[in-house]
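Several structures are given next for inspection.
Shared between the two complexes below is chain A, which pairs with chain B and chain C, respectively.
Let's turn to the complex of A and B:
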């Protein structure tokens, strides 16, 4: 009888151990970030988020290392060589923000063949063996119009501010906006200008087209252009329409001022630089042996009237609103994709 | 006996090889995983297109010119290889052959109008880049199966990149350093006046050298696509500076005529390995370009020291 109790204890201990397995399995694994560019505030915030979240994960023993590597020249051949070096350094997973969707496929294939898990995000790669965490820019444009349809039940005229002409992101967001307009059937796009995702360009472009436009109910934007649009409306002495913002610090600051002054109401949407941490957790989940679909979609960071203050407080001047993702967020994204 | 072997001249030509040995030992020490068939393959495969581009640059430097368009040219070749050569091999082959002819034409233009090659090739680099964007507006395309198969070849015992490097260096060495016409070609860079007086056509020589550069540029682009599986109009822009650095590191000089094909291939490999070495050191990437430059300066400084010893009686 006395002998049986320890056996039962061991079984219980084993059972407890099993429930902890999700963490124990990857504790010896090393994950690397291969990043092609660090020359703007979005990328800097991306690297800071990676550093913050992964250093906590390493401390807790979720993984044994999570190092970030950035190439100096944003060149395909340089990043391909970097990825091959990371394979040789024995990393178990490589998280990539790629310089080219196609040019790295050879190196990514080498990594897969060597048994390395590859997760790409933001700048995704097309090699089938890699995981992709892509941004659904089209949905982002559509969401703007859907929000406006709720806000303005009577509809009205829209002014569209587009991004940099000829860039894929600009086409996608714009297509989403036009889809939304067609679907809701309430709005009419009466003018369209290119703001190049920059406040000063947007302001000049909007100021140029405003005199020829009828009354504008709302302005749909792509981010980095909302503040400039607001300034142009003010300078022209016209009533301020509902301007959709893009999470930039200056945009949120302006919104807060207007909200305090005359209860101005709008929404703001963009991609958080912290998406790098989402990619980290996805890589960790793949290493953990979870079944993860190859194509995942980044959730947008949306700011609304009620959470404006807290987001503004955490956004640094000149930067963009950010959020770091947790393991639970990653699991939610994976299950949303059917994993 | 030892004194005769260790002449400054011999040390000088051995310098690139010594640099290669030093950096290879350092890498093996930092990352023992690289000391295997698989490791060497990954470490060196991207050096093949760089070595080919370096050889192309060497032909131009040999006739006392400089090619600032080789990176853009290799990118264009990569785009054509991943699209036309893949979809309709005949059209692709014709296009690539046409590019080699254009290169010969650039050589003729530079010679006949007596233009500075830096200006002409800088201008051409924008032409190549523009054409690359026209051929492949968004990154993509697919490497022809046979190129992919060749570049991922896994021969027994010796990794493919090593065999390819030895082959490239060997073929060019015998053609340029050991053959009679090769001597004439090299002489054109060293002393064009006397060659012309001896009855050789400088126009023909320049066109030959530029065509050879174009040919090796084409090989470089094809090899690159074989490794990356698809192309991008900006894929090889780095090669311009890397190729010049490779030639100089390998014992070549800007004055024309003084080149070494074996050294150029070794130089290209050293530069590639330098990148890996610095990344294994976990050096901040902002420092990496500087550190690559430092390696270049150290090797060149050693060369100057040796040359001084050579000049002393």
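Let's turn to the complex of A and C:
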């Protein structure tokens, strides 16, 4: 009996040593993507990026599977059931873009209790056992106004195009914009409409309010709505203000056309749909036994006047400007968060 | 006097009164600035509502339970297919239009087939078929947004003396559909079926043929709307039809058409479409927050519907 204990200790020590080794350790692991919605171009690009990056990872044997599942109805109950199924199917990690920050917490807790690693991104969950790759939406809104304060030293009137009413992201970006306006003290928001992050809805809302507005110096947006705003200004025969753009191909194309025609200057700030691949690598790192802080922050995808052409060239016609993340990028994000 | 009294009882009157009131309130708030431009924008965007609502009105008039919930998915599918096939080439505009119409014919046939031959209630049939159409649109183009041909986009956004060409076309379409509703055997058949399907059948109305025509027509209107909306807004997007699900029904009901079927009118559709756009514009202009805006939108719509159905002679 006495002699067996040191042996067990040695075995344990060897096992521990091995688990700190390279990525080959996750080669038997299976990761699932639980996605709540696929009905717009951003989500389609997100799924394509996931597919591209994870299929390469599977081929190289980094993980054994990385399957994507999307719910049909964008409903909490449906996604909760989906997560429960994924637990039963024995996935080692579930990467979630959640339909609700709180609604899935029960299912997420079940997954954690079953020993499954849960990593949420974009639509993050609040359950403490899960990892969160969140976006600092407030900073995103503020960056827009800070840029405008530089561009337009005299300030002026702003038209704000918001997203979908009642959604957390919309409130955060808008709060950031209002903070920026208060801080710079140069601008006045004279109108605010909801464009639902969609070109045609934004176009309609702006066309309605525009006739009653004074001269507009700039339009602050939330992405996906810049081109619609530009169309509405054109239809109303008003001078084109500085419109902050999102990352859709038609927004960038319009910007490029204006830049070539009359040196139009603006900027674009958005979240790359490839953030799903960042979540994938974070899940892989957690499975690999690395120490990863629970709260991580995604870098913005910012496009400026001088790197517009470069970004436009890499954006698929009709698609969304995108960045796919590598294992090294994930490690950098993790170490930036103090992991 | 009797003429005035008759006008006063028209169910479509309330939508028009509401639209005008909201427009005047906006104009008063801004001191008259931009009132004409607001009306011009309202006719542009109202036109899209009217196209889909024309089809939805005929479907709803067929009687309780009849409604087409596949309109958003049909719009998306038709817009996506047409834009991709045209691929920005002016020469392909007619082909794109025919394809959009073909999508509508196909969608309508599938919807009616589910209702008639599998005996699925229309709400469930059109809701479930819409998943198929939406998925087909996703599969066909993976959410990429292709620009419409230049000439088509110019047509969709053109204005003559401040009046959008598209609105003129849709007004003409509405006039035609008004006569189809009140002057043709088909239109009277739709109303008769909505009032009493058995009586209509006994009176010799070809009930199933009329229903089939109506569902197919509704899908074709939705397809055409998707085609024009794609041209207007610079391409078809996967979520382009989203807000047309509820608004297509709201426009029909606010316009004074009975949601229980059997009573319909076309003029109310235009009034209601203008009203819906002007209402959102008014609340935006007032600077109301999103919460207040949604609550007020709900309350005002309820008020108009109550007023409209109070003015309707149900026994006549």
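As a convention for this text, the second predicted complex is superposed on the first by the 307 of 339 C-alpha atoms of A that agree within 3 Å, B and C clash if a C-alpha of one lies under 4 Å from a C-alpha of the other, contacts with A are read in each partner's own complex, and residues count from 1 in each chain.
One rule holds for everything that comes next: contacts are C-beta pairs under 8 Å (C-beta built on N, C-alpha and C of every residue); 3 or more make two chains touch, one makes a residue touch a chain.
The structure presented is a predicted model; accordingly, all values stated were derived computationally and were not measured.
Peer 1: Are chain B and chain C a fit on chain A, or do they clash, once the structures share the same frame?
Peer 2: fit
Peer 1: Does chain B (first) or chain C (second) touch A:72, or do both, or does neither?
Peer 2: Both: A:72 reaches chain B and chain C.
Peer 1: For A:250, decide between first (touching chain B), second (touching chain C), both and neither.
Peer 2: After superposing on A, A:250 lies in contact with chain C but is clear of chain B.
Peer 1: Please work out whether A:85 is in contact with chain B alone, chain C alone, both, or neither, and reply first, second, both or neither.
Peer 2: first
Peer 1: Applying the document's definition of touch, where does A:304 land relative to chain B and chain C: first, second, both, or neither?
Peer 2: neither
Peer 1: Using the touch definition from the top, say if A:265 reaches chain B (first), chain C (second), both or neither.
Peer 2: neither
Peer 1: Examine A:236 and indicate which partner it touches, taking first as chain B and second as chain C; both and neither are also allowed.
Peer 2: second
Peer 1: Using the superposition on chain A described above, determine whether A:295 touches chain B (first), chain C (second), both, or neither.
Peer 2: Neither partner.
Peer 1: Looking at chain A, does chain B or chain C touch a larger number of its residues?
Peer 2: C
Peer 1: Taking the superposed arrangement, what is the smallest distance in Å from a C-alpha atom of chain B to one of chain C?
Peer 2: Value for chain B versus chain C, nearest C-alpha atoms: 8 Å.
Peer 1: I'd like to check the shared interface: which positions of chain A are touched by both chain B and chain C across the two complexes?
Peer 2: 72
Peer 1: Note which residues of chain A are touching chain B in the complex, please.
Peer 2: Contact set of chain A toward chain B: 67, 69-73, 75-78, 80-82, 84-85, 87-90, 100-107, 109-110, 114, 126-127, 168.
Peer 1: Can you name the residues of chain A that touch chain C in the complex?
Peer 2: Per the touch definition, chain A meets chain C at residues 38-41, 43-45, 48, 72, 162, 165-166, 191-194, 196, 198-201, 203-205, 207-213, 227-228, 231, 235-236, 248-250, 316-319.
Peer 1: Give the list of chain B residues in touch with chain A in this complex.
Peer 2: 31, 33-34, 38-39, 42-43, 45-46, 49, 138-141, 224, 227-232, 234-239, 272, 275-276, 279-280, 282, 285-286, 288-289
Peer 1: Give the list of chain C residues in touch with chain A in this complex.
Peer 2: Where chain C meets chain A, its residues are 26, 29-30, 33-38, 41-42, 44-45, 131, 134, 138, 141-147, 157, 229, 232-235, 237-240, 242-243, 277-278, 280-281, 284-285, 287, 290-291, 293-294.
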